[in-house]
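Have a look at the structure below, then the notes.
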Amino acid sequence: MKSIAETTDTALGEEFARVRGQSEDLCRPLSPEDMMVQSCSDASPAKWHLAHTTWFFETFILREFLPGYVEFDPDYLWLFNSYYNAVSRQPEKKLRSGFSRPSAGTIFAYRKHVEDEIQRLIESNLGDEAARRIILGLHHEQQHQELLATDIKNALWSNPLQPCYLEDDFSRSATAAPATWIDYEGGLREIGFAGDGFAFDSEMPRHPEHLRPFRLASRPVTCAEYLEFIEDGGYRKPELWLSAGWQSTQDEGWQAPLYWSNQDGQWSIYTVRGEVPLTDLLETPVCHVSFFEADAFARWAGKSLPLEAEWEVAAQPLPVKGNLLESGLLHPQACPGPAPGEPAQMYGDVWEWTQSPFVGYPGFRAVAGALGEYNGKFMSGQMVLRGGSVATPASHIRPSYRNFFPPATRWQFSGIRLAER
Amino acid sequence: MKSIAETTDTALGEEFARVRGQSEDLCRPLSPEDMMVQSCSDASPAKWHLAHTTWFFETFILREFLPGYVEFDPDYLWLFNSYYNAVSRQPEKKLRSGFSRPSAGTIFAYRKHVEDEIQRLIESNLGDEAARRIILGLHHEQQHQELLATDIKNALWSNPLQPCYLEDDFSRSATAAPATWIDYEGGLREIGFAGDGFAFDSEMPRHPEHLRPFRLASRPVTCAEYLEFIEDGGYRKPELWLSAGWQSTQDEGWQAPLYWSNQDGQWSIYTVRGEVPLTDLLETPVCHVSFFEADAFARWAGKSLPLEAEWEVAAQPLPVKGNLLESGLLHPQACPGPAPGEPAQMYGDVWEWTQSPFVGYPGFRAVAGALGEYNGKFMSGQMVLRGGSVATPASHIRPSYRNFFPPATRWQFSGIRLAER
Amino acid sequence: MKSIAETTDTALGEEFARVRGQSEDLCRPLSPEDMMVQSCSDASPAKWHLAHTTWFFETFILREFLPGYVEFDPDYLWLFNSYYNAVSRQPEKKLRSGFSRPSAGTIFAYRKHVEDEIQRLIESNLGDEAARRIILGLHHEQQHQELLATDIKNALWSNPLQPCYLEDDFSRSATAAPATWIDYEGGLREIGFAGDGFAFDSEMPRHPEHLRPFRLASRPVTCAEYLEFIEDGGYRKPELWLSAGWQSTQDEGWQAPLYWSNQDGQWSIYTVRGEVPLTDLLETPVCHVSFFEADAFARWAGKSLPLEAEWEVAAQPLPVKGNLLESGLLHPQACPGPAPGEPAQMYGDVWEWTQSPFVGYPGFRAVAGALGEYNGKFMSGQMVLRGGSVATPASHIRPSYRNFFPPATRWQFSGIRLAER
Amino acid sequence: MKSIAETTDTALGEEFARVRGQSEDLCRPLSPEDMMVQSCSDASPAKWHLAHTTWFFETFILREFLPGYVEFDPDYLWLFNSYYNAVSRQPEKKLRSGFSRPSAGTIFAYRKHVEDEIQRLIESNLGDEAARRIILGLHHEQQHQELLATDIKNALWSNPLQPCYLEDDFSRSATAAPATWIDYEGGLREIGFAGDGFAFDSEMPRHPEHLRPFRLASRPVTCAEYLEFIEDGGYRKPELWLSAGWQSTQDEGWQAPLYWSNQDGQWSIYTVRGEVPLTDLLETPVCHVSFFEADAFARWAGKSLPLEAEWEVAAQPLPVKGNLLESGLLHPQACPGPAPGEPAQMYGDVWEWTQSPFVGYPGFRAVAGALGEYNGKFMSGQMVLRGGSVATPASHIRPSYRNFFPPATRWQFSGIRLAER
């Protein structure tokens, strides 16, 4: 897949239409009522995602770059602002579940209005900054596509009837290739983005880091392997946990990953296709674990989690392909036989928790203005994840991509790859 | 209006259809998305009310009295149970905002299914207990109609856009008749229900209470009168408040009734027809005050609130009519000139807080079985309100009717009538 | 024992010295460190009780009635104010555990200073109002003596070492007399205080209440009887509980009264003399139960709790004596054989929960000024208890005495007497 | 001052006595009641610190290395355990304020008992591991000396009377030397501990880090400079703050550093010598700021905070001396003229927040066994501080020393040194 940023203006218009369409595709199995649900404080209603991503194009591109642009509705400026203090005040996040008005139909009309105007802008004399902003807006939209997928899953699961999101068939019988270790040299290695295409400010500047020699597991940890940890009492042994992680297990009553449940000794997992016996998913990568669980599992296994620099060094030579959003599977798959000497499933399937806190790279500067609130202000208390998941659009991910979440987060498709050094 | 319980079977079928239709009428201005919103912990989504009232008929009547009854959906037995532990487990109340499935359309189909079967039961050889249960179910439905009105108002108000529920015109110019005092003798007086028609268990048995001579105000307190209390610093003087009430003002930041707001010194009130300047509503009864506010106002005025027995003694000779749900106004009205020597607006407009805690009358016995959970288990920490409001169906209210809410409750149409003794 | 209020001035000085000494006697087994502990939000440190009761005499008597009175320390005016908004601001209750300064020694000096000045006032030309205030201050001190006893018990119990407060021996072998029923006529009965001695404003005015015929149990419920309730699953059956009570059991994890614990199937009870096997206490009245537990027990037993008017009618002819603070036992005792036709243990042993909310009697008026904050402002959300406990001074209790606590309160010596009507 | 670890056995005994004595010296101005206060969830009572540091020697040294050791009290094993799950269960931290027993006197006896036995062990055939553990125990004790100082300050401040801890005079008139910039080269630089003496596991292994060229301010930020930030609206501008930091300002109502207060426009600061006008302290380093405030100040100033590696590189050539615990000042001092080209006040005065999260160095391994719980399990959600403060014993600090606290922490003597790169 071609990088968005390499596109000509014509191609940009096409890419714009394609990415925007992908958001609506994700909502196709949903009713307007489904699109209202906000099932946890991490999540937002699907309708809100559709509106907010549109707000982004309206606020940062049309208002600034399209002369005479007429807003769809002036209230939307503040109504669908998420957290950009420099733009306007914002409604409290928890109020989003009450946005019955504007209706889903109105939001689709809002999308169309903004899309038409963006296309008009693209067809006009589009300057560099406007083009850059559109591309940023598409990446922003793709991030919300990932959230759409995870928030919808959580919303349906929180319904006591636990309905399915997808009804199609899903093969679960594969066997995962055995895990092996891939060795990497240490020394001064360059990481961070430095190319021509698009990257977030937080991926830059490219810079050297000094690494020890290290090894990465050839594939993510499977449910079967994680079950051993559970059955060995992993959730009952404080010595395996960071202090804050142990506190989370106690406060939240964690005894297994999110979406696992146990009835009369039989484990099953809620997926976007409904409840599935664990026995059918043993060989798939374990998913919906927090950093704390990933870290405890690694300690139990006598290993550790990768540093983000280690992960990136290993990923640099690999092609960006895998079980990503476009596969339509929305669930990780058992690892096929890995190419000798090369780690498998680095992209897609599950985000891989690293042991690196999300901080600015040496020399990091946030973008000036409201868009500077995009990444920099979250550089506190969050951990880096790498590689994308089943909910990540293929054109959104790259070796230098840094995702980040607080260490107790579980509703993302997040898993574990072991390392040692 | 004829009492429901006096009806023949044919009349019962008609009454059933009429009351059930009233619930759907209340939802007519709403979209399925509007019917999802649960804007505070007191409230439920409109769709849930529509389903739960139907569940009541299915659970307590059709399952028990209609041989061979086939459920619309067996999961609904527990899904739409509110708090009847003897029937089944129940989903946590806060989860109701996530019930995107079943859809509003399905719930309307559920209603139709149950209504058809109830009519079939009525047309069959309907026994006394089944008839009593249907009548109970209709009163239950009417209670939820009141909640529908208050929950919808709160839901739309919690939307930052604050849309209107009704678009019709509403005259606000009337002047309230001046308040005077009506005198009542004390001594041993009978209260409680003893007639042939319907009443809740909590209204019985009829029994004597010994009262001091007392006086009641001829009409409820108006917004203008309440504004004096505010402007005199009523919300800043702890000596006017019960200790728990003062705590509520501090915890919740109360400075005026719910739905009042102040912009640059100008008060306005959110109504079901949107924001209205206070100046247009000064003569209407103050509304959406808690017991704590009613009690503090009374202390500030050098008066007190009525005992429920006092209120009932005064109400016994009066006709049950007033500004009730059927007026379609959904907002209290300025008091017309009262008949000499008779209190006005006793029924309708606003529920009147009494200073009586909700406890069982001497000899009270809860109904046996699950229906015994209806009233008795709430006899702790709640205060009695009397007389109905703009959201109360006319056939639902009577002199002995006891409504009850915790003393900090404000989202109901609750107001103040002064007393002294 | 002679009523305080009947005393001459000489007798008043003696009574003052006696009551004040009783507070210090309660603290004799404590170190200054023990007197710092505040182990739950209901409780205060013992040192604070010693200071606050002294503050009461200084604030309401010496400052007002002793010309030229020089304060021990002017900061104490606000530092030891509990909740009298009309006097001054107050430190938050939870800060009391941080009052290492003033030291216990200083507080004892403060007590002596104020006591000397009160005696000087008594010896001078003492007016009626000052005398009334001193008597009120002594009753206030006695209320805090009860709190001293219960707060100290809780403080020591909250220490993981669970030390004893008393080391003396305590006979536990008695057998309780069997419970029988005493019958009372209904009709219009007078309750409330009307004599010459001291009573709180909340006990007045004396007034008629109309009662049904009723029966009271001849003695409080024993631990053995309460154990049957536990073993029958009383704490697991929501149908036995008020809704708010069931919520408390869930939120607090109640499975037995406060201070009961179960190790390997064996119950024991923490007392002021340390942990005692339940088998030694089976015949003693159950204690440290909330209103919710008392109410659930009564429902389980097919009975109910007394109304406060019923209790008072039954208590009026009885002498005020029993296992009160002066016995030094600080734990309830097995019921001796009751006199035929007369209820036993009405005074002392355990406070008896009634099913009457604490509200003002008809015609109740709070005292004017700051002292009006004493009772009236707590008339919301609390239930009446009657009869005193092992922690109540004998001269403090009477038939009309109304104690009150929120329905989930358990740290007082509160028990259960059954009624039926 | 000689490093503890270089001592011979005789010297070890002397050092042991000296360090232990320093803890008791800190408590000399306190009464047993003062030593009970636990004024915030971060803090512990002084008595608990005295007991817990003793517990450390008893648990990790005497029990393991002194044959036939008889415990002072076997309950202390779990009673004074802080968080070592591998040793025993622990009482909840908040219960420590209830430990009136054992008394302060008993704790001093406990200290003496353990000290005598440690000296006996030292005089016997002391092995290497036992010696290492004693030295660890002394560093552990020194950490608690710092906490003693900060917890006592907070305890007395939380008393509404705000008593002083020290009564001596404290000169405040000095003028701080102007801030200049010191330049450092970038490249691969070694940090971490590698010598012979004592260091915590978290300071190792020594390893290379690749740094950009950078500059450090020649002294910490003063109160005068911080006041400019406040007066420029620093606490009201979300764009200056990390998202989590802004949330903290809103949740906690921060408007200035901890211990600052403003009465009628005049700022003053609570110190261990009581309230001091800000005008007397303007030239002293600002203190008791959180990481979030330090970070916001740096952003406002157009600078940033140092990385911990930058700080350590700059500190390596400097002598370890400054305004540390032994000065007895317990408050930071205005910066004397710095030596040209060398940063001042790197050690002592205030801990300096870095922008480095506290994580393990490459190759970090926690010590095996219970002592491995010392540092490693806290490597989540905390930020590194460097250089020690007025509450740090001189023999406790070194260039590689890593202190760590959550980013909202303010009760430590924590300040700001600016950096740029």
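Going in written order, the chains are labelled A, B, C and D, and every chain counts its residues from 1.
Going forward, a residue touches a chain if its C-beta (ideal position, glycine included) is under 8 Å from a C-beta of that chain, and two chains touch if they have at least 3 such contacts.
Quick caveat: nothing in here was measured; it's all calculated off a predicted structure.
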Spell out the chains that contact chain A while also contacting chain D. none
What's the chain with its C-alpha centre farthest out from chain A? C
Between chain A and chain B, what distance separates the C-alpha centroids? Give it in angstrom. 47
Provide the C-alpha centroid distance between chain B and chain C, rounded to the nearest whole angstrom. 38
Taking the mean of the CA coordinates per chain, how far is chain B from chain D in Å? 59
So which bits of chain A are touching at least two other chains? none
Pull out all the chain pairs that touch, please. A-B, A-D, B-C, C-D
Which of the residues in chain A end up touching chain B in this complex? 31-39, 75, 78-79, 91, 95, 97-104, 155-156, 158-161, 163
Chain C to chain B touching residues, read off their complex: 83, 85-86, 188, 207-212, 238-239, 241-246, 292, 307, 355-357, 359-360, 362-363, 373, 377-381, 407, 421
